[in-house]
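What follows is a short report on a single structure.
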Amino acid sequence: MKRIWTLASKDFLETRRDRLALLFTVVMPLAFTAFFGLMFGGGSDRLPLAISSADHGAPATQLVSALARSGVVKTEMMTKDDAEKAVDDNKVAAALEIPAGFSAALAAGRPAELTLVSTAGSSGAQTVQTEVSALAGPLAAGERAAQAAVAVAGTPPGGDSGASAQDLKDAALLMARPLAAQSLAQPVATVRVVEAGTAAGQIPNGFVLSSPGMLVNFILFSLLTAGIALIQERRNFTLQRLMTTRVRRWELIAGKAVGMFALTFVQQIILIGAGQLLFGVDYLRDPAALLLMMVALSLFASTLGLLLAAVLSSEQAMIATTVIVSMSVAALSGAWFPLEITGPAFQFVGHLLPTAWILDGLRGIIVRGFGVADVLPAFGVALAWSAALFALAVWRFRLSD
Amino acid sequence: MSIVEVQELCKQYDPPKGVLAVDGVSFHIDKGEIFSLLGPNGAGKSTTISMLSCLLRPSGGDALVDGHSVVTDSQAVKEAIGVVPQDIALYPDMSARENLLFWGKMYGLAGAELHARVDEVLELITLVDRQKDRVEKFSGGMKRRVNIGVALLHKPRVLYLDEPTVGIDPQSRRSILDGILALRDQGMTILYTTHYMAEAQELSDRIGIVDHGKMIAVGTNEELVRSVGEEAHVELSVDHYLEGMVERWADVPGVTKAMIDEERAVLLVQDANEVLPRLFEAAAAAGSRITEVNVTEPNLEMVFLHLTGRALRE
Amino acid sequence: MGWAEGAPHNDPAVSRILAIAWKDLRSTMRNVPALAMMLVAPLALAALLGFAFGGGQSFSISATKVAVANADTGTAGVAENAGNVVVGVMKSPDLRDIITVGDKPSAAAARTSVDDGKSTTAVIIPADLSAAIFATSPTAPMAVVELYENPTQEIGGAITESIVGQALLGFNGARAAALAASGLATANGDGERAGKLAQQAAETYMRDGGAAAAVSVAQRAPRLPGGESTKDVGVTGTILAGMMIFFMFFGANNVARTIIDEDRAGTLPRLFTTPTSRHTILGGKYSSVFVTVTVQAVILLVAGRLIFSIDWGRLDAVAALTLVAAAVASGLALLVISLVRTPAQAGAIGAGVYLVLALVGGNFTGTAAAGGTYAQIQKLTPNGWLLQGWDAVMRGGGLADIGLNLLVPLLFAVAFFAVAALRFRKRYA
């Protein structure tokens, strides 16, 4: 057992002295966390929205002023062409086109259509669309309600004023609209959102999504350094030489695995510490559950790294495989984007991997106050995977090329 | 008529304080001869060849190859020479033929001429059958042959060979040495470096002995041996009292030099037959018992020993 | 025949440069790990991410699982139960792909379903919903429908909230119509019929479909200046363009690295002993890098067309973007290699530089950041400009639309290359 520790601590020390490894294990993941965190709504900037309106009716004007008051978008009026150009140049998240006849359609009870111009796949545009729909809905409801009221209650007695029927109807609408709007402003039925477990957890923000994601991504990435070191040792025959000493084969392999485990575990401590202190991601809600997830992640990463190093023989193959494997596993597990936005097949495949379970566990700890019992299934999945990977690695492990 | 003319060539790495790897070396090579630079590792042979190949700029002096200066007209020099580097410098993932075709293009050959020349070289290095195999699958000897073949593609006026036989089996070494002699017989001028005394002795028309960056002797094998006075080389082992014996033997008439080398006495003597009985007498008088005697007639090894006081080790 | 005749040397430098480029290209084609990195990785990741986002023209999201506990007891005098209406809207066939609704006997059971991870959201309808909605008094008490959602699944929660909100807006709108009608009636001196008219207005409102689908928001990609039509860009195309440029950096790095490798293996010094000049040899190595990544890009573009049916756009614009991208990747890789000494450094520092650049430039995020500050930061990188160019060309743009998207990266490439060439000259000349 002591020999395993000796081997492991040698590997660990070697990596610690490697400045390049520091770049990959600590600096890059923090940079990525910051970037993705800001992208997924960590920042509070309002999204720029260009508006071009060809309609001058009351509903159109109301929509524009409602959007101007919105806390989600920052509006700017411009011509249709300029708006398209602004989208094309990525200067605005989207451009809203209010077509001529928008108000008329609402008044006539026909469906009214707005057009939102945006680059495909823009997440900002999705948010803008939600906001426009949310503001246009009550607006339309108010207009419709006013129309219905006028249709039923009729117009005020015209008498002798000589006003036309249309004028009278317009006057009635002018009266009905504020009444309807007032009523809608004090709805009798509303929705209240209660977030499960937030009493015990943290309100999610961009960093809550990106910090555990990048943790998993870069723990997998650091297999690169450890794997290459192992391949180099096989190349320069130090592994064979070690076997001429009293070290047994399984001790050697275990030593390598423990070294990788220690490396990734320390990396996790640093990244989680930075997440907690720099990005305000509350990992430490349940230290025992967190520890379990960290052990699970390091187990999976170290046994996977061991297997890759056992199977691959050149540095270049190791670099290529690690980049492909770690990026794919990270993407499939929801490290880059929440699995929630993906299709059912993708989610199913993702949850065949322990990293998807670990990410669910980590996010659960942070947001929902998960305890040890809640993360045990994730730990079990990771343990099963690690056992299988370790067995494969021991079976395929070669001491020389 | 000399085709290579080396004049006071110097190379100092990282001047002004750096090592003087080559220190005022001068020699010439006649057309059609094999000239060997013989010396221990680190003597400055490779640095000299690098300067003659225009890879390194001399810190001082100059060399004319085929009448062109390596300092001022390196392009013309490069066209005249073929260089076989000490290590295998080939593309392992390409076949022998692909390697030769590529290097041929780098030597300015093209088209039908290139292919014809590649065929000739493959014939010469006896790799016609294996020409389509990747070089990485070749044995050490085969790689060496391709390594040499590359330098022959453009029919150079002078061929440089930098220790081409290091680390290969005796059979491959033999075939390479035979190949070099065959090239010489066809009129090729060859500059050869080695630290194997026997190779230099067998191959060379003339030999330059270098040590610590200096040319310490130049001449034919015979000239060099004669220069040290045709002395024989006697190695003696004794059961005890070695140092005292060497001192006594040094005073024996006919012994010109006596020293200790690895638990043995090494003596240079003018006539071994005459001196040997006296050496035994001296040992007997001192109470020492001679356990082993080895007599070598004069050779380059002894020339080096004579000039430097050190053995030329392999 | 003799071997010491000397040969004529009149092959032009260009053909020697091409010989070096061809040799390196062939070498790369025989290098399985390099090919995996250059071709398999981008295609596999594009396939994977395309698969994640439905691969087609839009996002496809799996249906949100919703647990519903309806405690609405109805109200006296009204046949309709508002809670049932809300549940009915949620269960309507139109929404089947978006939410899957499961009934729960109690609020507690619905919440447990979320806590256990069996549902994303629980909709808890209070007992007094109908009572509040059908109350005739203008100051009716407010009924609150509770949405109990898993905060790690924000999108499912938002979808449910929008559907329930829309359903409730129908009631609130009807009520607004009723109150407005009642107000109008009073103003018209028709006060005694106010209650009846209010009832009728609400019914009229509901019959006309309420606010449902009154306003629809259609989404489309921007038209290019002068262009009449536009086409939507598939998700996979955007992703593959990003991955392609990212892995071109690695492809270029692989070849540029052979300068160091050849230096160590002795073939570079040996090349310097041939009559081929050092400029020609280094020029050949630079060309190798450029040719290899160009071939890589062409293979990826064709594969994208064949495997994913991506419409890359007009050929001239695609060709220009490809060549400029190859120039950027080559220049950058050569710069990285000119700054390092060992192959190990080349691999690690290269990977770091390329990852950061891809991150800042948006290779992994596609057009998701359009409009934000990040979209402007992307333009600090050559790849950011290129990606924007690809987006425009995939939407149907031509050379005229991507002038800056070609020029800026090209300037980057020239700058990278100039520094690299200076450093190599210093090292090898």
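Residue numbering begins at 1 within each chain, and the chains themselves are lettered A, B and C in the order written.
One rule holds in what follows: a residue touches a chain if its C-beta (ideal position, glycine included) is under 8 Å from a C-beta of that chain, and two chains touch if they have at least 3 such contacts.
Since the structure is predicted, the reported quantities are computational estimates derived from the model, not experimental observations.
Peer 1: Assign the assembly's chain-to-chain touch graph to one of these shapes: line, ring, star, complete, other.
Peer 2: line
Peer 1: Tally the contacting C-beta pairs at the B-C interface and at the A-C interface, and name the larger one.
Peer 2: A-C
Peer 1: Taking each chain's centre as the mean position of its Cα atoms, how many Å separate chain A from chain B?
Peer 2: 69
Peer 1: So what's the Cα centroid distance for chain B and chain C, whole Å?
Peer 2: 65
Peer 1: Taking the mean of the CA coordinates per chain, how far is chain A from chain C in Å?
Peer 2: Those two chain centres are 13 Å apart.
Peer 1: Give the residues of chain C that touch two or more other chains, as numbers and ranges in rising order.
Peer 2: 31
Peer 1: Would you mind writing out the residues of chain A in touch with chain C in their complex?
Peer 2: Residues 20, 23-24, 28, 31-32, 35, 38-39, 43, 45, 47-48, 81, 84-85, 87-88, 90-95, 106, 109, 111-125, 129-130, 132-134, 136-146, 148-157, 172, 175-177, 179-184, 186-198, 201, 203-204, 224, 228, 314-317, 319-321, 323-324, 327-328, 331-332, 336-338, 340-347, 360, 363-364, 367-368 of chain A touch chain C in their complex.
Peer 1: What residues of chain C sit close enough to touch chain B in their complex?
Peer 2: For this pair, the touching residues of chain C are 1-11, 15-16, 19, 23, 26-27, 30-31, 265-267, 269-277, 281.
Peer 1: Which residues of chain B touch chain C in their complex?
Peer 2: 32, 53-55, 75, 78-81, 83, 85, 87-91, 93-94, 98, 102-103, 105-110, 113, 117, 120, 124, 150, 152, 154-157, 183, 186-189
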